[in-house]
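Each of the two complexes below includes subunit A, the first together with subunit B, the second together with subunit C.
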Partner chain A sequence: MATLTAPVKEIRKSEEQEALITGSEAIAVACKLANVDVITAYPIRPYDTVMQYMSQLVADGELDCEFIVAEGEHSQFEIVKHASACGARTFCGSSGVGWMYAMEALTVTPALRIPLVALVGNRTLDDPGAFGVEHNDALSVRDLGWMLVWVDNAQEALDTALIAYRVAEDRRMFVPLAISCDGAFLTHSQSYVKVPSSEQVKKFLPRYDRGDLLLHPDNVISVAPQANEDWVMEMRRQNYAVTERACDVIREVYADFERIFGRKYGNPFFEEYLTEDAEVVLLGMGTLSTPVKVAFDKLRKQGKKVGFVRLRWFRPFAGPEIAKALERFKAVGVIERDLSLGSPDLSGVVATELRSAMYSHAKTRPPVLDFLCGLGGREVTVADVERITDLTFQAANGKQQPLTQWIGLRG
Partner chain B sequence: MGQLFAVEVIGRGIFQDTLAKNITRGIVLAAHNEGKLGISFGRYGDSPERNGIPAKKFAIVASDEKTLQLGMAHYQPSQVDISIVLDDTLCKGIESWAWDGVHAINEAVKRGGTQIVVSTQDPDALLKLIHRRNEPYKLGIVKGIASFSGLWVYKDDHTDVRILGAIAKAMPELFGLASIEKYIQAKLKDGAAKAQSAHKAYERFTPVEIPAGKGNAEPLPRFELPGWSEMRLGVSVAGQPQGGPFEDPVTKKVGGHRPVRNDKFMKYTTRSQRPVINFQTCTKCTLCWLNCPDGSFDVTPDGLYDADLNGCCGCGICEAVCPVKDCITMVSEAEFHDNDSQWLRFKKNKDDYITWLTTTIKGAEKERTHGFRYRGQYQEQVPAALEIAQKS
Partner chain C sequence: MSTTYVETKPTQELEAFKGVKKVPYEEYFTSGHRTCEGCESAQFMRLIAKAAGPRTIVLGATGCMYVANTSYYATPWGIPWMHTQLGAAGSSALGAAAALRALMRKGVFKDEPINVIAFCGDGGGADMGLAAISATLTQADYNLLIVMYDNESYANTGIQVSSTSPFGVNTTFSTPGKKKRIMHNRWKKNVAGLMIAGHPTVKYVATVSTSYALQAMNSVRRALTIGGPTFIHCLNPCPKGWDFDPAIALEIGNLAVNTGIWPLYEVEKGELKLYGKTREIAEGRFKRLPVADYLLKQGRFAHFTDEDLAYFQSQVDDMWNNWLVPGVIPLRKQAATTAPSV
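Moving on to the complex of A and B:
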């Protein structure tokens, strides 16, 4: 599975082409299509696969950009922050504790209105040192003004990276955006991907124009002075305003993506699978979708009315839309690869967030169960999904269930 | 509601931080000897760990717990019964480290309240600096030079207990002399001498009534804070235009360079000393202009360097780097009542300027500011300071 393929060398000018590439390479191809100016890198698995593809593109003369290997993740994110302030389109990324090591740089980026696009190759946070996927790394910035999106296949990774630049660099936004790709399942697995032509991308992605925020001798400004309580609250309100309009901007960009590339994503915020006549649904993010879809195809043949909602955008969290989509079901089961230790109901981050959205926006509130699974990169099997579905059906039929349950755990 | 008292102590960052804290603690502890409750704290936004920054500390005292809670509901009291200034150069106005405009030193004093200043000057001299108010108040002097008591190795010079003595006189309902003595004996070293100092300060403290409208009439630099939707995005501040040459008012020659400075960011209240420049001995070596961390120097049309005294924070680097003896001399702010250009004054009447310069520098060499002029100066000043304190 985890084989390095030769990078997609030739981007055709006016014609789409197909390639067998990994999720990481798909991101690299998107960066090439977006013609990024500055890339910073520091190796950590699984993000480092992107770094390898990128460095090869640069070494082969396929991509003309500054490729800087920093001495650590903190510098990696600081460098692109400054480059972006100077008007460069940038790319950066990390995984797990590398992402956490950059935390101070990550926290300052939204307030400075830096439209940095980053890849988080989701990885377990140490300790123990482990490569496998968990989502707590990316989720750690969920309250800080970053946009967060999860993808579940290489095609979506490529498309979402293009969408990410367009959304982040929209003047109404100007905030950083992280694309989450599940370690191993997506970063290291190849599949067929349609690579758009450079002409299409040119139509979709305008030049990054920082306007009066450009740090340049011809536009003299100072950025990030020290301030006291007379100023901070107003600055926070400015970032809050971004979150107020984020969903509208994302909708607009997806519509334009569909117009130019012809690929439809429907509702940008979540994908619905077999939900139309479903009685119970599961909801999850990332590559968990694969075993769920396989299991549900099987269960549907047995006459069980099950559906799946795959959440793409976690920030912004499209609360009213998600609640509206879920209120009609008899029970909702959240499956998630993260923890929120000590949270209400001792659930994961996604279930806690979803319950909050349902409380505010749903007309009827079906039980929302939470299933913690696949931690540390453990495989979530079709059998696991069947068990989760069974428990959710039991809740739908009125049987009391614990609100949070561990699945695939040795007793 | 019971009785509620608020006292503020204004000092210079780092140098008087410990002294100010000792005073506000002393107020609370002395009042406690009369059964009152209180808290002592510093204004959080001041960042008093920065050299010379005007910083405030407060003591809130109440007759009972509920009343104290009422006093604590505002983090920073906007009205105080007594305001104490530990360095008389602060009388020109103060600002928090995170700049929000210059505030009058007596701004928070309640109608009829008392402003206490540690100074060797008399009230009339200080009123040239202290801004006028619309309400009457009292002004009293505790004779002394700006004290460093409590800072690192500097000796305790009894400034804290002398101020407590003055407070007992200004507001006996807060605490009396007996309560100060009890506090001194219980908590401080060298109790007998300190009790005596407090007693003397009590006896000598004679505040004068300042009627409404008396004092410095100069307007204070202030500005309106913008709303969130008007502010620039990205925590960014627009740069100032480059500036350019300007006219010599005497020769009418145009030349030199004056940068445009941010008129909302004047740092002069941080300053307790300012550079005084001898334009006749200046060799135009550029070092002051190059090394000034705040870009406070203008290049004049005749190639001299003139410190802009609204932007200068009095750090003394220009004096340190100037290779010519006595060409730039840091002089105590107490000597000055304006921020006018020295170069303009020099151009208008050179002889007059040089005469003023030599007398000012001569007098200033005896003055201590927050930047010592040489090692051991503090020790030399102790006898003089004692004399001032004892004879006042």
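Moving on to the complex of A and C:
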């Protein structure tokens, strides 16, 4: 287990620099600061901009690592999986159907207790082709033991990448983690980012230590021999135990991040915006926060008590905390860029998950409406958000609403 | 002018074993596996481990040598071993080699030559994993060896056709029926030739046979010593899948060579060296035996008619008489024979 003893007073603010960078570039900078050992790339838009930056960092001698261009995503993820088993800190990523092409490798990685950190530049799954954001790519691994976190700005992308390595490589975890950045809206959008110094990062992020699981001639082990029904269930239980610990480890790491870097994220699992006195709230992930926040600033001026909950961590899903945060509102509207075709109430993944958490953990259960929007990368406008808010208010006032509605769909 | 090959990190200097009596007693692949009686693939694993020695990491793709060979609580491996997915032999070796290089450069690990060997069967190598192996073989500055044990079928899953299964073979996916006698009408993929011709920076490719155990070990040692990404293709007779008495496994392997069906050669920095009986065949010192001597000893060809045998023989004759590099590269000096109607 990683322990940190760096005295905060040694770290001076002036060590930070400010840079105008995209979400992808912020992740690349984080990997540089994390002194990543092995990176594998394969092109697919929009995540691949991160690999352009990585390639340049390596070419310029700013990052000392093995940079391997694979022949497909399956190999991309298999290469880093084995590199990680041999003790290397790794980075890779993908988007859309590229992520799905890697699916076999993605499936085995958590079971092998390999702490990969990957970027998913969220992209619509084919067919038909579309570059824009949808969340079904990353969500496809939600039941496999991956940790999944969504960010909505470049600063958060950089910070979360550092946090990701610390969480994934914690001996209590040792499972892979995917950072989701909405394609185009975040991967390609620039903003000012505070870049910490490598000295600060060294204090936060110790070297990856694979310990007794290291694949090396000095540690003769056989990794993942055929186990069959004799032992698989016990091994599954160990992965399950990781998920039992996950929320505590994440809380611990965020607290330490705040101690060392001085940036506060409050509750790690979700961000609350104007929720304190709100009557109804919307809940969503990623850059949907932008139109929602703009719309809510406007609606607040009109006296409407609206708030927003932006979910960061989807896996682990902090069910009890989310339910506790939402149970007091009169209605909840989920706004999401994904589908779960054939699911209960034909809702999206997020609403289905949220309803499950509310059913188990909320003392009172407000109606949870689901709004499917922004598919294929379509823009979700301030007007769309106002319409969603209006429908959620109607539900709060007792008017029956369909549980799932499409927003921004051509008539 | 000869090709300039990429320099790699130093490798282990593994001299060839000069005779069976010089082979060390130490085993790094021992008891615990559950393979069938007479399994030549498991024998090959033993030879690989013996040849490579203790400072080695082995990555094993799904197949017989995973499922039947490496069981929880009973691993036969005395060197570090890790399972890799069916199509990922090439990627797994590259990942391990990349990690070692980065961590040695950064001073995390002691800087020393460590062998990285990934193995796959014909399903994992010639079918699913071909692209990954090909990509890895272009990574000229990593030291790693990929070995393909070829039992000419997906044997572990119950003997199904792969792209290295011989023409006409009876497998559970190509069982002769009332209307079609020959369900598998594809010719065996020339994997070693593909690796040589397609990857000009690779310094060593060899075909081996467990019937020539000493040479098989020495090929492994040569590949690991010469460095860079290297490839070895081994033909492994499979008593269960090929339907013969386990007692004659070595004889079957010899017949594959002596009939000219399985040419033995190594290519070191572009130089082709035929060896064993293959060399004698090429130099006209040994007359190839009829393919029927090999085929009819195996139940998997029991349905063959004289016409099938004649076609098989004509294809092997073509390989020796008409290929520009006989037995190795199928560029022809003249038009090929045509397949019989089936």
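The rule is short, and it goes like this: the second predicted complex is superposed on the first by the 397 of 411 C-alpha atoms of A that agree within 3 Å, B and C clash if a C-alpha of one lies under 4 Å from a C-alpha of the other, contacts with A are read in each partner's own complex, and residues count from 1 in each chain.
As a working rule, contacts are C-beta pairs under 8 Å (C-beta built on N, C-alpha and C of every residue); 3 or more make two chains touch, one makes a residue touch a chain.
Just so it is clear, the model here is predicted, and its values are computed rather than measured.
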Discussion item. Looking at the superposed three-chain arrangement on subunit A, would you call subunit B and subunit C a clash or a fit?
Written reply: clash
Discussion item. Tell me the contact category for A:Val58 with respect to subunit B and subunit C: first, second, both or neither.
Written reply: neither
Worksheet item: What is the contact status of A:Ile68 with respect to subunit B (first) and subunit C (second): first, second, both, or neither?
Response: second
Practice prompt. Return the chain, subunit B or subunit C, that is in touch with more residues of subunit A.
Written response: C
Discussion item. Quick check for you: in the superposed arrangement, does A:Pro225 touch first (subunit B), second (subunit C), both or neither?
Written reply: both
Worksheet item: Between subunit B (first) and subunit C (second), which does A:Gln238 come into contact with in this model arrangement: first, second, both, or neither?
Response: first
Discussion item. Between subunit B and subunit C, whom does A:Leu403 touch in the aligned arrangement: first, second, both, or neither?
Written reply: neither
Practice prompt. Kindly classify A:Leu213 by the partners it touches after superposition: subunit B alone (first), subunit C alone (second), both, or neither?
Written response: first
Item to complete: State the stretch of subunit C that overlaps subunit B in the combined model; pick it from 98-106, 116-124, 134-142 or 242-250.
Response: 242-250
Worksheet entry | subunit A residues contacted in one complex by subunit B, in the other by subunit C | 220-228, 230-231
Fill in: Partner subunit A, residues of subunit B touching it in the complex
45, 96-98, 100, 225-229, 231-240
Worksheet item: Considering the complex alone, what residue numbers of subunit A touch subunit B?
Response: 111-114, 174, 212-213, 220-231, 233-235, 237-238, 241
Worksheet, complete the sentence: Given the complex, residues on subunit C that touch subunit A span 54-57, 59, 66-68, 70-75, 77-85, 87-88, 90-96, 98-103, 105-106, 108-109, 114, 131-132, 134-135, 139
Discussion item. Could you list, by residue number, the parts of subunit A that touch subunit C in their complex?
Written reply: 35, 37-38, 64-66, 68, 70-72, 74-75, 78-88, 104-105, 108, 207, 215-217, 219-228, 230-231
